[in-house]
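One chain, subunit A, links the two complexes that follow: it is found with subunit B in the first and with subunit C in the second.
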Partner chain A sequence: MRTYFLRRLFVLLGSLFVIVTVNFVLFRLMPGSPVDTVISPDFTPEMKALLMERYGLNEPYYIQYGLYLKNLISLNFGRSFQTRLPVWDELLSRLPNTLLLLGSSFLIMVVTGVALGIFVASRRGSRWDTVLTGSAVFFGAMPGFFIALLLLLVFGYYIDVFPVHGTMSAPPPTGFWPRVYDRLLHLVLPVASIVVSGVGSWMMYTRNHLVTTLAADFIRTAQAKGLSKRRVLYGHALRSSLPPLVTLFFLSLPNIITGAVVIESIFSIQGIGRYLLQATLRQDYPAIEGAFFFIAVAVLLCNLLADFVYRLVDPRIEVR
Partner chain B sequence: MPDQPLAGQKVPWRHWTNVSPFSRGRWFWRAFFRSWQGAVGLGIIAVFAVLAVGAPLLTPYHPLHDYDLATTMARPAWMRYFPEYRNSPVTQDVALWQEAEVDGDGWIFGQSIAGGESLTFIRAVHDRGGGEPVRLVLQREVQYDHAPPHTFVFTLPYAFQGDPGVVGWARLELETARGQLFELWTSAPLREDVPLRVQRIDSRDRALAVRLGFNFFDNLASQLLAEPGIYTIRLVLELEGVSEDRSGTFFVGEGRLRIPGDLHGPLGVDHVGSDLWSQWLYGARTSLWVGFVTAFTAVVIGTCIGVISGYQGGWVDELLMRIADVMLSIPVLPVMIVVAATIGKHMGNVIILLALFSWMGTARVVRAATLALREQTFVEAARAAGGTPFYIVWKHILPHTLGLVLASLVLLVPGAIIAEATLSFLGLGDPQMPTWGRMLHNARSFGAFAELAWWWILPPGLSITLLSIALLWVGNTVDDIFNQRLRKAAGERKDTRWLSYGSSS
Partner chain C sequence: MILRKWLTVLLMITFMLCMSMGALSAADGAWDGNGPYVDEIIMPIITDSEARYLALLRGEIDIYPDVNRPSDIRSFAADPRIDLTMTPGLHMFYMGFNLQREPLDDPVLRRAMAHLVDRESLVFSVFDGYVFPLAEAVPESSPFYHRTAHVAEYDPQLAERLLNEAGYVRGEDGIRVDPRTSKPLRTLTLITPTYEESPTSAEVAVRLAQTFQNAGIPVAVVSLEFNTMVERLLRKDPVTGERDFDLFVSGWGLARYPLHLYTLFHSSFDVNGGNNVTGLRDAAYDAAAEKLWRPRTLEQAYEAAAEAQEIWAALQPYIPIYSLTYIDAFRSDRVTGYVEHVGYGAASNPLASPWTALNIRRVDQPEGRGGSIRWLLFDDPGTLNILASYTAFEDQVLGLIYDSLITANPETNEDYPWLATSWVIDTWTTESGEEGSVITYQLAEGVTWHDGVPFTAYDVKFTMDYLKEKKPPNLQAVWQDYSHSIVHDDLTVSVYYNTVSYWHTYATGGFLAEHIWSDVDDYESFQPWREPHPEVEGLTKLIGHGPFVFKEWVPGEYIRLVRNESYWRSQG
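Up next is the complex of A and B:
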C-alpha cells in the first residue's frame, strides 16, 4: 500500500516537474533575451536593464526557477500581451464554456457508448454487431478534427441547420428560454463531433467486456437458475463490468480535454483550448504558458483521480 | 538466431509465439495473408506508398511553390462532364515548340544547356552570307475548345550570342481562329551576348492590351481567345548583318502557353491556385515519412528501455517504469503546441516530440517479454556459460521480442500520422512541408466550406482514415501471429489496445 502511494506521488510530482520545466526551459530557449520577447522593443536600454533587474532576470537560473515556481503556486501567470489582463482571470472567464462543452459531450458520449455496447453485446454476431463495430473502427481511426469538419460541412453548410461558430448568435435573442435554446443550438455540432469521435471506443470497450463476462461461469449459473435474459444481462453481466467502465471514464478524460483544443478552435468557442491556440498564433507568451499549465494540470488531476477511483470501485485489485 | 525458442522441445510452429518474424519468414507471410485484414491493409499501404514515392512522376507541379495554375478555387477537370460546367475553360498547358513546324533556310539545330538547368535548347545558327536579313519561324497550331479564358501566360526562355555587327530580333505572333494577327511581343535588338532570360507575356498586362488596340479595361485573354478554333502561335527569329565570318545564334528554350481555367487537374486548385492533386500526393509522402520515422524512433527508444528495465530489474526498472508513467500522464498535443510556439514549427521537432511521447507502450510490452524470457532455460544456459548481459540480451532476448516490436512499430504509425495532421491542421505544422493536415487547414481558413468544395476537404481526411485503418489491420495481424502469449504476459488486454490509437486528438 505504501509503495503504491509513493509511486503515485512520484509520478504526480515527476509529471508536474516535467511540465513546469518544459514551460521554464522552452521560453528561455527562444532566441533573444526574455526582455526582447516580453517587453516592447521601444524601451530604452536603461529601462530594459531596470526591468531585467526588477523581474530577477539577472539572477542565476536556479533562482529564476524558484521565482517561477513561486509565481505558479500563487497562480500569477502574468498579463496577456494582447488584452493586458491577468492570464489567470482570462482563463477563469473561459472555463465555463469549456466545461459546458466537455461536460455535455462526455455525458452523452458515455451514455450512448455504454448503451450501444450493451445493445451490440447482447446481439453478438448479428448484422447490427458487424455494422456498429465496423463504424466504431472507422470513426476511431478518423482524426477528431476531420469528424468535426465533416459534420460542419454537412450540417453547417450543405444543409444549413446548425450555427457553425461561436456560442451565441449575435445579437443574442431576448428572453431566457430563447437564449438557452440558442446556446444549445450552438453546442450541437461541437458536442456531436466529440461524441462521434469517442463513442466508438466506449461501445467497443463495453461490448468486449460484456462478451467476456457473458461467457463466464457465474452467468451460466444465473441462466441455469432460470433468471430472465434481461436480469442476467443487467443484474449480473453489466454489474461486473462497471468497475472497469468507471475507470475508463476517468482515464479517457485527458484525451477529451486535449481534444477540446481542436474542437474549440474549429467551432470558434471561447474556451481554454482556443485561448491556448490563439495565444500561440499571436505569440502571446504569458498566455501560452498559463493556458498550457492549466490544461496540463487538469490532465494530471484526471489521471490521479482515475488511479484512486480505480482502487475505490474494485478493492480486489492488488497493489503491485 | 535460435530456431527453437524452447530448448529440446518439438512443438508445432503455430505455438512458437515468441519466435522472431525474420527467422520464420515463409510461415510468417503465410499466416499473415491468411488474414484478410492483413492482406487488404498491406495492399492499401502499398498503394499509398507507390503514390507517395511516384509523386514527382504523377504531377508536374510543385505542391507549394507553383501557384496561379488556374482560377482560384477552380474545380476538378472531370467536372466538365457535368452539364453545369460543360463550357467552363479547363486549364491548358501547352509545350509550344515540341511539335512546332519550322520554316527557314540554312539554320543549324542543336542542343545545349545553360544556366545549370537541363533545358532543351534549339540552337539556330545562320552563317551564309549575303547581308540580307534572314528569318526563322517556329509555328505551332493550338486547338482551343472552351469558353473564353480569364487569363493566359506565355513563357519563352531565350538567349542570344552574336558576332560584332550582328543584330537579332525575336517576335511572338498570335493568329486567332478568325484569322486576325496580333504581335504579342518583340524583343529589344539582340547584340553580342544576351544571357538566358525567361520572357513572360501575361494577358493581364494593361500596356499590352492597349498596344494591341484594345480598351484599357478589356480582358485581353477573353478578347483574343474569344471563340473555339485553331489558334496559330509563331515565334519569328530574325538576324541582320550575318556574313561568311559573322554569325548569330539564338538559344530557344521550351516555350509554354498556360491558360488557367475554371476547371483544373484531378482535384482542382486551392485559394492561391496551387494544384490540390500535387498537395495530396506530396501529403501522402509526408504522412508516411513522418509516421514511420516517428514510430521507428519511438520503438528503438522503447525497446532499449524495455529490455534494460526487464533484464536489470531492481531500482533501474522501478525508475524507468515510473518515467514511463510520467510520460504517459503528460498530454502531448499541448506540449507540441507550446514547442511550435517557442522553438519553431519544424518537422524535426514534431518527430522528436512524438517519438519521446510514444515509446512507453513498446517499453512496457518489451519489458514484460524480457521478464518472461529471462527465466527461460536457454537464457539461463547462456548465463551459466558466462555470457555477458549485453551478449545475452542481443543474442537471446532481442530476437524473441522482434515480432512484438514489429507489431508495435506498425501500430504506432497511425497515431503519429494523426497527431502530425492535427498539428498541421491547427496551423502549427512545418510551413515547408506539404501535408494533408495543412490542406485541411487551408480548406477551413480560405473558404472551401462556403464553396462546398468537398473535393478539397474529403480526400486528405479520408486518406488519413483509410491509411490509419490499414495500418491498424496490419499491426493487429502481425500482433496476432506473434504476440498473443507475450501480450498476455504483459497483462495487456487486446480489446482495449486500440483505444489508445483511436479517438484522441
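Up next is the complex of A and C:
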C-alpha cells in the first residue's frame, strides 16, 4: 500500500511538472503580448518596453521559466498584471463564491440526478421513464448559457422574483438572517442553471448502470430468493453500481473549484471561472499560470482520491 | 443618389432629435457644476449584457452608460421610463492600408478605394444609424476637426474615372490590371477581428471587400483572433522590415487633442511595435505632425492640426468609416440633470467629463437634493490606484473621486478652468540650453482633499516629482518632459518642462495627496482603497478632491461613493 501510494505521488508530481511547463509555454506561444492588450494611440513603443520591463517579460525565457518554477514551489504566483494584486490572494478571495455556487449546484445535481436515475431505472419503459429520459436528453442538449439566459429572462424579468446579478444586494441588508436570505436568493438562478443543464447526465448515468445491473444474473438470483423489490434495488443493484458513480463523483469534483466560466459571467459572480476568463483574454500571465496551477492540483488530487475511494467502495479492487 | 443621401441625413437628424429630446428636457440645458446633488452613488458591477439590460428595466440601476447593442437601444428608446442621450464620440473606425506594399503604395488607388465606400449605407445597414459616418482623420466632435479640401466622399463614378485614368482598367474577367506590372491586381487580404469578437467590424470588412470586388479590385477577408491581428499589424519582419498585411479594419478611441495625428502617422512610429502600422512616411506630413506635437500656443495647435489633416486626406493612409456615439440610458422617472458632453457622452467618461456627476439629481427629492442613485459599472476596476489604472472601468470610478486642473466645456470642448482657475504659459532655458515650457497655475481657493487637508500647490509639485521619480508607463506623457516645479505660494505653482509644447498645459496633474502618497514607495502594489486612512475614521487612503468620496468596494458586487460634503464648488 505504501509503495502504491508513493508511486502514485510520484506520478502526480511528474504530471504536475508537465502541466506547469506546458502552462508556461502555451501562453507565451499565444499571439501578442500582455502589453498589446493596452490599446491606445498614445501608447508608444518606449512605453510598451517600459511595461514589459516592469512585468519581467524582457528577460530570456529560461530565466522567466526558472523564476516561474521557483515562485510555484513557494506558492507565490506573483502579482496580476491587470490588478497588481497577488494572484494567490485573488484566487483565495474568489474561492468561496465558486465553492458556494458550484458546491451547492453539484450537491443538488448529484443527489437529484442519482435519485431520478434510480426512480426511472426501477420503472424502465414506463411513462415516467419516457418523460424523464426525454427531458434529460432535451436539457442536456441545450447549451448551458442558453438555459441561464432563459431563466434570467423568465424569473428575472417576466416573473420578477429573483436577482439577476451578483451574490448579494448592493448594499446588502443588515442583520445575519436577512443577509443569508439575500445570499440564497441570489444563488437561485445560477444554481438552477447549472442543475438544469447537468442533472440529466447524472440521471442517465445512474439509470443506465442500474438497468444493466438489474438484468444481471445475481439480481435474478436475489429476486428468486424472494427478496423485496426495494431490497434488490438498493441492497444489490445500487450497491453494485456505486463504484463507477463514486468515481464519476470524484472526477467531477474539481469542477467545483475550476468554476463555471459561463454561469459566473452571465450572473456577474466573482468566482474563479470568471477570473480565468478575464486573465486569459488579457494575457495576464501570472494570473493564468496561478489559476491553472490551482486547477491542475485540484484535478490531480481528486484523481488520487478517486483511486483510493474506488478501492474502498469496491472490495474486489486490489492494490498490486 | 442625392435624394437617398438627403433622406439618410434627414433620418439621422430626426433620430438624434428624438433621442436627445428627453435628455435636454431632463437636464434643462443646465450644467452649472455646483453639485453634487445626490448623497450617494452606488455602482453595481454587472458583467453580462443581458443582466445589464434587465437591471435597467427592473430599476436596479438608474444609469446605464455606453449602451451599445442596437436591440437594447431600440427597446430603451420605446420605454417611456427611459431617456437615451446620443452624443458623438471621439472615435474613429477605419480601414487601414499597408502603404509599403504594392499596389497600395499608389495614392491614386487608395483614393479611388476611398471614393467607393458608401459610409451612410454602412452606418444604417450595420448599425441601424447609431453611429456617425466619418470621412476625416479627426471626428467632428473634436474642436480640432477640420473640413479638408481633399476629403474622399462616396463617389463611385469618380472612383471609376480615377482608376481608369491611372491605368487600372478592367480586364476581361472584370479584375483591374495593375499598370505597373500589366497583370491583374493580386488579391488583397483584408484583416478583421472574428465575428465572435467583433461582429460589426467583421460585417463592415465583408461589405467593404464586396464593394471593392464589384469595382474590380479583388479583396479577400481574413478573420483573425484579436490578439493575433494586433500582433500581425504591429510586428515588422526583422529581416525585410515589412509588415505582413495589405488592409485591415480597426478602431481607435481618441482624445480631445488630435495627437493621434502624430502618434499614428509620424514616420518615427513606423518601427516594430509602433502604432504607425500603415508605414506612412512623408516629409511634409511629418513636419506638420511635429508642429502639432509641439505647438507653442493653442492657435499654433489649431493651425498645425488643420495642415496635418489636409496632407493626411491627400495621402489617405486610412479610409475613415464611422465614429461611435456614446449612447447613455437614464431612468428618467427617477433621475434628471444629466449633461451630454460632446465627445465623451453623458455618463460614459466621468474622468474626462465631470458634468453629469455634478449635475444629476433624483426627481423624488425635495429641491432636487439628496437620495441615492445607481450607476452601472461593466466590470470590476483593477486597483483603484490612479497610478496603476489601465481600464475604462477604473476611470469611471476615479473620475468621480478626483478632479483635474482643467476640464472641458461640455458643449464646445474648449478649456474650462477647474482646480486651476487660470494659467500662464511661458518659456525658460533648460540646463542644456534648450528652450522649454513653463506653466504657472493659479489654483482655486477652498479646495480640500476628502480628509479635510487643503489641496495646495505643494500637492501639484509633489505629484509631478513623484511621477518623474517612479515613471509609471501609463502616465509617460505627464513625466517624460517634466523638469521641476517651483511653488510660489499655497495656490501658485510654476511647472517646468524640458521641451516647448502647449500640450504640457494639460499634462500637469495634482492628483496625489502628498500627506498620503509621500509614504508610498512601491506605487504599483499600493491598494489605497484597502488601507484605512491614518487619521480619519471611515476613510481609506483612496482620497481625492472630487465630488464623491470612496466608501466601499465589494469586489464583483458594487462600489459605494458618498457626496463630498465639503466639495469646493458645491453651493449649499
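Going forward, the second predicted complex is superposed on the first by the 239 of 320 C-alpha atoms of A that agree within 3 Å, B and C clash if a C-alpha of one lies under 4 Å from a C-alpha of the other, contacts with A are read in each partner's own complex, and residues count from 1 in each chain.
By definition in this document, a residue touches a chain if its C-beta (ideal position, glycine included) is under 8 Å from a C-beta of that chain, and two chains touch if they have at least 3 such contacts.
Small disclaimer: the values here were computed from a predicted structure and weren't measured.
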Contacts of A:L253 with subunit B and subunit C, given as first, second, both or neither: neither
Which superposed partner A:V110 touches (first subunit B, second subunit C, both, neither): neither
Partner chain in contact with A:Y157 - subunit B first, subunit C second, else both or neither: both
Partner chain in contact with A:Q283 - subunit B first, subunit C second, else both or neither: both
Partner chain(s) touched by A:P171 [first = subunit B, second = subunit C, both, neither]: second
When both partners are placed on the shared chain, which of subunit B and subunit C touches more of subunit A: B
First, second, both or neither for A:Q270, with subunit B first and subunit C second: second
Which of subunit B and subunit C A:M142 touches, first, second, both or neither: first
Subunit B versus subunit C as contact partner of A:M30, first or second or both or neither: both
Touched partner set for A:I219, first subunit B, second subunit C, both or neither: neither
Set of subunit A residues, in rising order, touched by both subunit B and subunit C: 30, 149, 152-153, 156-157, 164, 265-266, 283
In the complex, subunit A residues that touch subunit C: 30-33, 36-48, 50-51, 54, 79, 82-85, 93-94, 97, 149, 152-153, 156-157, 160, 164-168, 170-171, 265-270, 274, 278, 283
Residue numbers on subunit B that touch subunit A, as the complex places them: 322-323, 325-327, 329-335, 337-343, 414, 418, 421-422, 425-428, 440, 443-444, 449-450, 452, 454, 457, 461, 464-465, 468-469, 472, 495-496, 498-499, 501-505
In the complex, subunit A residues that touch subunit B: 7, 10-12, 14-15, 18-19, 22-23, 26-27, 29-30, 137-146, 149-150, 152-153, 156-158, 164, 197-198, 200-201, 204-205, 208-209, 212, 252, 254-255, 257-259, 261-262, 265-266, 276-277, 279-281, 283, 285, 288-289, 292, 295-296, 299-300, 303
Touch list for subunit C against partner subunit A, complex: 42, 44-48, 50-51, 54-55, 57-58, 60, 225, 227-228, 230-232, 234, 252-255, 259-260, 263-264, 269, 271-275, 374, 379-380, 382-383, 385, 388, 390-391, 471, 473-474, 476-477, 524-525, 527, 552, 554-558, 560
